[in-house]
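Please read the structure below before turning to the comments.
Labels A, B, C, D and E are assigned to the chains in the order they are written; within every chain, residues are numbered from 1.
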Amino acid sequence: MMWAKIFYAFLALLGGIAYGLFLGGVSRKITARMQNRRGPTIWQNFIDLWKLFRKKTAISHGVMFYLAPMFRLVGGAGTFLLVPIVVGNPYLSNFSFGGDLIVLMYFMVLGCLGMALGAAESGHPHAPIGVTRGLSQMAGYELPFVISVVVLMIADKTTSIEGIVRAQQGGILHWHIFTHPFAAAAAFISLLGMMGSYPFQVVLAPQEIAIGPPTEYSSTFLSYMFSGRSVFAVAKYLLFMNLFLGGASNLLWAFVKTFVIFLWPLFITNVFPRFRLEQSVLFFWTWPSLFGLIDLVRIYLVR
Amino acid sequence: MGKDKNYFLNEKPEKMTYGGVFRKINDWARARSLWVVAYGTGCGSIELRPTFTSRFDAERLGMRMVGTPRQADVLIISGYLTVKTLKRVIRVYEQMQSPKYVVALGACPINGGMYYDSYNAINRLDLYLPVDVWITGCMPRPEAILAGFKRLQGLIDSGKADGWKKYIENLDWYRENQRKIIKNWRMPNYNW
Amino acid sequence: MVNPIIIIGVTLASAFFIGILQVYNRIWARVFFLLTLAFDFLVSGVNFYGFITGKIAKPILVKIGGFPPPIGINLLVGKAEAALGFLIFTIALLGAIHWFVRGLPQPEGKALILFLLLSLGATGISFTGDFFNLFVFVEITSIAAYGLVASSKDEKALEAAFKYMVIGSISSTFILLGVVFLYKATGSLNMLDIAGKLAGGISSAVLALITLMILAGLLIELEVFPVNGWALDVYQGADPVVVALLAGAAVKAFYLVFVKTAHYLPLPSFFHLALLFGGLTYLVSQFFAWRQKDVRRLLGYSSVAQLGLLILVAGFFLNPSVSSSSRLMMGLAMVLLVFNHSFGKSSLFLLADNVKERKIEGWRGVLASNPVFKFSFSTSVFSIAGVPPFPGFWAKILLIFAIPRNYSWVVGLVLLGALAEVVYYFRFYRIASEGKGKKVGRNLASPLISSLILIASVPVVWGMFTDKIHIPVKPEILLLLGISLLVYFLGASRLLQWIASLGVLAYGIYSLYPYIKPDLHGFFLALVLFGGAVLLLATYPGSKKLSSSFYPAYLVVLFSMAGLVLSSTWLSVFVFWEIMSWASFLLINMGKGKKAAWIYAVFSAAGAYAMLGGIYLLPSLSLAPGKFYGLLPAVLISLAFLVKMATSPLHIWARDAYGESPDEFTPLLSGIMSKMGVFGSGLVFLYVLTALSGAGFRYLLGWAGALTAFFMTLLAVFQDDLKKLLAYSSVGQVGYILIGLSLFTPLGWNAALYHTVNHFIFKGLLFVAAAGIIYRVGTSYLPHMGGLIRRMPLTFFATLLAIIALAGIPPLSGFAAKWLLYSALIEKGWIFITVVAFLASTLAFLYCFKILHAVFLGQLQEENENVKEAPWPIALVEVILLIPLGVLGAFPNLLLNPINKVLSGIPGMENPGFHYHKALGIVSKLGHWNAFFLMVFLVGSFLLALVFFALTSARIRKVGQLDVGYSGEVPRAPEDLHFGYGLYDHFRRAVKWLIYPLVSKIWRGIYQWIGAFAEMGRRIYTGDVNTYAAYVILISIIILYAFTGVK
Amino acid sequence: MAFFVASILLILIGLYAVLVKRNIMKIVIGLSLMDTGVNVLIISLGFIRGRTAPIVNIKDLLVNTSSKVVDPLPQALVLTAIVIGVAVTAVALSIVMLMYSKKKTLEIEEYKELKW
Amino acid sequence: MRKWLAIIFLIVLGFFMAKITSSFPFGEEKWGVSRHYVDKGIEENRGSNLVTSIVVNYRGFDTLGEVTVLFLAATALAFLLSTCRCRRRYERREASLIVKTASETLYPLLILFGAYIFIHGHLTPGGGFQGGTVIASAVMLMLLAHFTFHPNHRALSTVEGLAGITFVLIGFAGLIWGGSFLANNIIPLGQWNRLFSAGVIPLIYVAVGFKVGSELSGLITDMIKTTKEE
């Protein structure tokens, strides 16, 4: 059973990476279309990944630099694997027995931290700038996200993702996005921060600090990070799906729902300019947090 | 620069073979995923903006600008090169990871163009860096640039864009030329 | 037994004889003077010895002229008088020694006579049994004092002498009038006779007035507020030797007479009189000294305050309505206070003589130069400020517990004053210990006095723990504390001390091992002993110089913590708490941050005194669940623990105390000592509050913990000093523990206790690593480091794992605490706190990255090119601490099982709130978490990815440090590229409004406002003798009007 | 009775000088006055109307002395008190002399350096 | 303002003192312990001056203290004035011939008178203090009259000290032979109203007389002589 689970999880992981790359391509395509150009093919990210993976040389700045892409990949993959794709389906619930939502929320940091350390070891000044921006922004979007997560935990009296999904069964109106609209709003706004979508895009900020943390990364290293990021994004979509959109009863639903969630930051990112860091932190700490608080107070009162 | 020993890797790059099992796929992918280091050396860099934005949309060829030489595949020499700029260009080029390609824009890199008699302009880029594709014009229009890139893609596809290999093989010769023109070589022997 | 008249007669005769001798031969006069004092010292010593051994059972009654008491004058020497006589001559002898060492005033013969007669007068005051004779001796003392004060070299002394003389004359006029009236009213002058006549209490208004007149005179001599301006001027202006004798001996004689008078003339309102004037004087003077700049005047205020306390004690001591056991305790406290103050203060005054500067600021650096000076100064200051193990400390305890319940406000008053005392004394101490060496004069007497205080503390301590108060203590602890002090004598060799300390600790573990039982005490004992052992290992980084008292103090801290956790009563908790606090103060003061140590001392003292007040309010001292006795004791007791945990807003001491204490000590401070606060809070929740009654308070503490976690984390983000950053982090983490404790659910306590151990592991590790880094790099300033991963890989690895644990990222031990805590919080429904705690732990990532980046990553700076790996003891400890970090990460139940065993002994916590499931791991009511799986999965997939990467990757070349893509430029030097300064400046702009130093501004404001008020209040001492006299008259009128007390 | 009033008045006048006068000498004089007042008071407290001095130097007084002499004890006390008063005054005067020699003034205003 | 405040204070204080004294009717017979002195004084001490008996014997310890106080005062004064650079504001004038001659004549007589007073202290009013004062006044007279008069300081100090020691020694003699300090039973008490009577009382008073005389003389000398011309 265990080995079977691992096997299915591995498959799911590969699927997740592919899906993530695919979504990346889609987003490039959509962005191009929104900008009135043709854009690359949908599979462009696969091509890029392969090119990076097969580059002939690479440089390393030290041990942490070397290990960071692994951290990134493992962090992303681990996050992905802790989120059940289809709750109740033994093949598609991944390793969700490994931990609940609290575990997941801390697990999500692992990849970022490893990545940050590696980037910092490169000795390039842009790396720590980007990292500190990312961490600061994380402090920003974590507040509304936590508020909404706590709302769900309290409302469903469980901290496990499966439990939260089960609590939403029984019709579309049981989805948390409808039962706790304010919390959902807070979470979805914080999703923008998590994805680094445009108003909150100071981390990579290619125009300003080159590409931010991974400035010094190249070749195979970059390909690992690339895939890690892709699967991490998918993990987040899945998580939001499970938390707010009632989970998925089969793969198709999962695909549809995650795609819908994927579109939300994409649309936002293409029409907005960028916040400065303090603006984005303060934004997260005000509007979305206030939204979240509405539901939090409501939960506190009716509990 | 004795001190540099501690801070820079002072080791000659080794020659590389070009082949392997996935060579075909690799070249196909490389050709369709050209990342250009956003480094404008001369007046030609102004032409790159329309090339990459909505009007001409170079991204449909799989190209994109990146901010760091580490991740770039293509170095565009966009116009005339001065001695001062050459130094930086050499360092940027050597910091790029193989396989890497050089595209020279305009007349200036070929023969100095209108600056042919300047005390400070480089007349023949060839002597200093291996150029894979030359795009003539003063300046070449985005259409020409796109055509040049198409050409580059073709070269890569067919495995002929091997300037990076030649550079390593003839590094001593290139270095000699470079040192000849750059009087104050305040750089490590090898840039990584 | 020696007839006390011999003392007086011989002294008088020799005074006369010196009067002759000094005309002819100075040397012989000196010799004779010293001989006389030595003789008096011996004889009074013999008598005192006779009394304390019980050889002299009854008070000695000396009939002068052979007449029975009412007819002739007689001396009545009991225990107290004999003791006082001995005290007077001891101080006189020591003062004389100092005088000879320092140089006598000229013409010296006369000075010697005055000095001799001053001590004689004081002795006479205490010995005499006759009121008029008392007046005579008062005058002898006074005139000798006027002369000596006026003779001081300082020009101001004359002024002081004049004021002293005017006020003294008024006071003795009052005494004389009272005595004569008393004779008229009772027909006798003999104290015992009058006492016999008035045995039933004073009932007539006239007698009451007469008594009050005498008492008013004595109160003026006893320097009560506000008629003590003269005394302060004398303390400030006069020769310190004289002042030492005055404050140390003569005033105590007045005090004895005051007590005796009040005893013999039993005035019903005396209690209130003493309460009012004693209390007022005590409190007001302690605060007046708050910002006093002149050393001698500061000591003067302190003396006055101590006298006020003594008067207060006398009030209780003589109050017949107070139970006899309390009065006995009061008496004991009185003796200890008199001893403590006499010796401590005279020592301080003599030391003040050695430093030319009068201003406190001028004392900068005096402690650095001279170890003997340092020893005597520290001992004296500590004993006066009531630091254990000196008598003043025990006196305070006795005094507090003797105060009857209906006067509990007096407890508050005493403690408030004691706190003020700590504030200004340790400010003084701080200034003296700051700075580089400064020359001080020779001093022989003060070290002698200090040694005396130290020696005297031994029987006092012994008495406290055995018969008098019977503070319960495991004998092993006392033995260990004793041995710890002996380590000091291994002296200069740090290696030797280190090995000896390890030996002592090993013995400590051996002897205390039986007490490690599955309960709260045993749990913390294990933490203290084993944790302490590990951290002690790391304290020997090579050849760095540390004070030779480091190891003794370190061990004392350790064993006092052991004593603390093994306590069975609150009193013992308090005693060990104080020992721990002050020993740790010493250790912190060894670092570079003297001010930090001062703030630490003040906050510790405030907490400890609050705790003492709280304990006083408890109906029973035993550590057992009792009835709920109001919230106040719980709040007060918790304050001490909250201070030690540095819970916001009591945290402001923590940053600098952690950051500037010796690097070798900080791991203990953060890793274990802060956990004593956890232990204490646990005790409060268990034994002072009941499960039901404390809910609101616990919720409040939960918020305090959450806010601490949040704000300290936020402050850590912007901290640029490695140790201060870790300090904030540590404080923030302890905030989580507090949240867990306040939840008071099984899950919450599991979280708290787990995090207690866990925090010890990773924060001990981090501080040890920091010690190694600072030792190698030579700075703790983060922007000056960077890139050390290349030089200190092991330390980096240890720090990395510790940081991962600290951040609570799953595969390591830190996550368990987080998971348990959040589960507990959500289970309990404290949702707002949950949010804050979550956010705080997110913020922690910011500083976690900062530590790793600024120290280890980025560019290696040129000046750190030759840095080596941390010294082997530190490296060893790092490795040792890494083991539990990893093991607990995979198997948290290794720690959770013992914790559950501990909790199963606590009613209401038998059920831990979670269970183990084979697949899901730890399962609570809400969620689940499989630590082992996560560990295996992570390590496995990481290794898999690594292998795959190694197989498929491109040709990887490790490049040089400056080989970065830098816009084609060649970087010039590492510092151009290193981004270490202002890492979070952008974030700071966002949260500026949150990190406004409001709390420290408020505390500073409180400090300064109190200082300003005190300074304003001090203006009543105008220095004008008319005004002083007016105060005297006013106070006398008030006394005569308000305290007649007879209807 | 007049003695009581007078002596108390003396004490109060002395005190008044101490309280109000700004000249050191006057303050010392005040103290001295106060002393005197106290002495007078003591003596008058021992007085018994119609009695003689307690010196038994005639045979007549030897018998039933207690009905013929005044209380001798206050007189003995006052003897001591006077001497002490003298001593205090002497010391006070010497201090005043020293003070004057240092600052050349007797105004109390000049002697307020020690305060607060 | 200050004056009125002081007056109010003092009135209140005076009120309290009056309240106390008013409870002791003036001139009324009220014996306390002194009844014993009056009744038994002659019997126990044989000194006809009861005050002296009290001063020297019953309360001899007070007197010892008193002597000490005086000694102290003298010492303190000498001590303080030795460092004084005291200056006189006015010029001292030579005394007239009449004063000089008279003082020279009176000087021995006054000393003799003083000696008489303290020798007869136990018989007549007066005693050591009074006698000593008279002696000192003789010295003062000489000092005022003669610039050149300078008592021997050393001698004065020696006499002073020896007299004090004598007092204490007599006390100790009482302790050794009489059972208690200052006991008046070590030498025969003698007959009432005779010069050689009252045991140690006259001895002590003589000592006191010497002491007071020399002390006060020294005191006056110090005060006058330390003051230099300007």
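Operating definition for what follows: a contact is a pair of C-beta atoms (placed from the backbone, for glycine too) under 8 Å apart; a residue touches a chain by one contact, two chains touch by 3 or more.
As the structure is a prediction and not an experimental result, all values here were calculated from the model.
Enquirer: Can you list every chain in contact with both subunit D and subunit E?
Expert: C
Enquirer: Using direct touches as single steps, what is the fewest number of steps from subunit C over to subunit D?
Expert: Minimal hop count between subunit C and subunit D: 1.
Enquirer: Applying the document's contact definition, name the chain pair with more C-beta pairs in contact, B-C or A-B.
Expert: A-B
Enquirer: From the centre of subunit A, which other chain's Cα mean sits the farthest off?
Expert: E
Enquirer: What chain lies closest to the overall centre, CA atoms only?
Expert: C
Enquirer: Taking each chain's centre as the mean of its CA atoms, which one is most distant from subunit C?
Expert: B
Enquirer: Go ahead and note the Å separation of the Cα centroids belonging to subunit C and subunit E.
Expert: The separation of the two C-alpha centroids amounts to 55 Å.
Enquirer: Go ahead and note the Å separation of the Cα centroids belonging to subunit B and subunit E.
Expert: 119
Enquirer: Just the number, please: Cα centre separation of subunit A and subunit E in whole Å.
Expert: Roughly 106 Å, centre to centre.
Enquirer: Express in whole angstrom the distance between the two chain centres, defined as the mean CA positions of subunit B and subunit D.
Expert: Between these chains, centre-to-centre, one finds 114 Å.
Enquirer: Show the residues in subunit A shared as contacts by 2 or more other chains, in ascending order.
Expert: If we look for residues of subunit A contacting two or more partner chains, we find 54-59, 210, 215-216, 219.
Enquirer: Among the residues of subunit C, pick out those that touch two or more other chains and give their numbers.
Expert: Residues 132, 136, 139, 143, 146-147, 150, 177, 181, 183-184, 189, 954-955, 957-959, 961-963, 965, 974, 1026, 1030, 1033.
Enquirer: Note the residues in subunit B that touch 2 or more other chains, in rising order.
Expert: Residues 16, 68, 70, 97, 192 of subunit B each touch two or more of the other chains.
Enquirer: Which chains touch, pair by pair?
Expert: A-B, A-C, B-C, C-D, C-E, D-E
Enquirer: Sort out for me which residues of subunit A touch subunit C in the complex.
Expert: So the residues of subunit A touching subunit C come out as 53-64, 66-67, 69-71, 73-74, 77-78, 81, 95, 97-103, 105-107, 109-110, 113, 116-117, 120-125, 128-129, 131-133, 135-136, 138-140, 142-143, 146-147, 150-151, 153-154, 157-160, 163, 210, 215-216, 219-221, 224, 276-279, 281-282, 296, 299-300, 303.
Enquirer: Across the complex, what residues on subunit C touch subunit B?
Expert: Listed in rising order, the residues of subunit C that touch subunit B are 865, 954-955, 957-963, 965, 967-971, 974.
Enquirer: Please output the residues of subunit D touching subunit E within their complex, sorted ascending.
Expert: The touching residues are 1, 3-5, 8-9, 11-12, 15-16, 19-20, 41, 44-45, 47-50, 53-57, 62, 65-66, 69, 71-73, 75-77, 79-80, 83-84, 86-88, 90-91, 93-95, 97-98, 100-101.
Enquirer: Please name which positions on subunit C make contact with subunit A in the complex.
Expert: 787, 789-790, 793, 800, 804, 807-811, 815, 818-819, 822-823, 826, 829, 831-832, 834-835, 838-839, 842-843, 845-846, 848-850, 852-853, 857-859, 919-921, 924, 926-930, 933-934, 937-938, 941-942, 945-946, 949, 952-959, 961-966, 974, 977-979, 983-984, 986-987, 989-991
Enquirer: Can you tell me which positions in subunit C touch subunit D when the two form their complex?
Expert: Residues in contact with subunit D: 132, 136, 139, 142-143, 146-147, 150, 155-156, 158-163, 165-166, 169-170, 173, 176-177, 180-181, 183-184, 189, 229, 232-233, 236-237, 297, 1015, 1018-1019, 1021-1026, 1029-1030, 1033.
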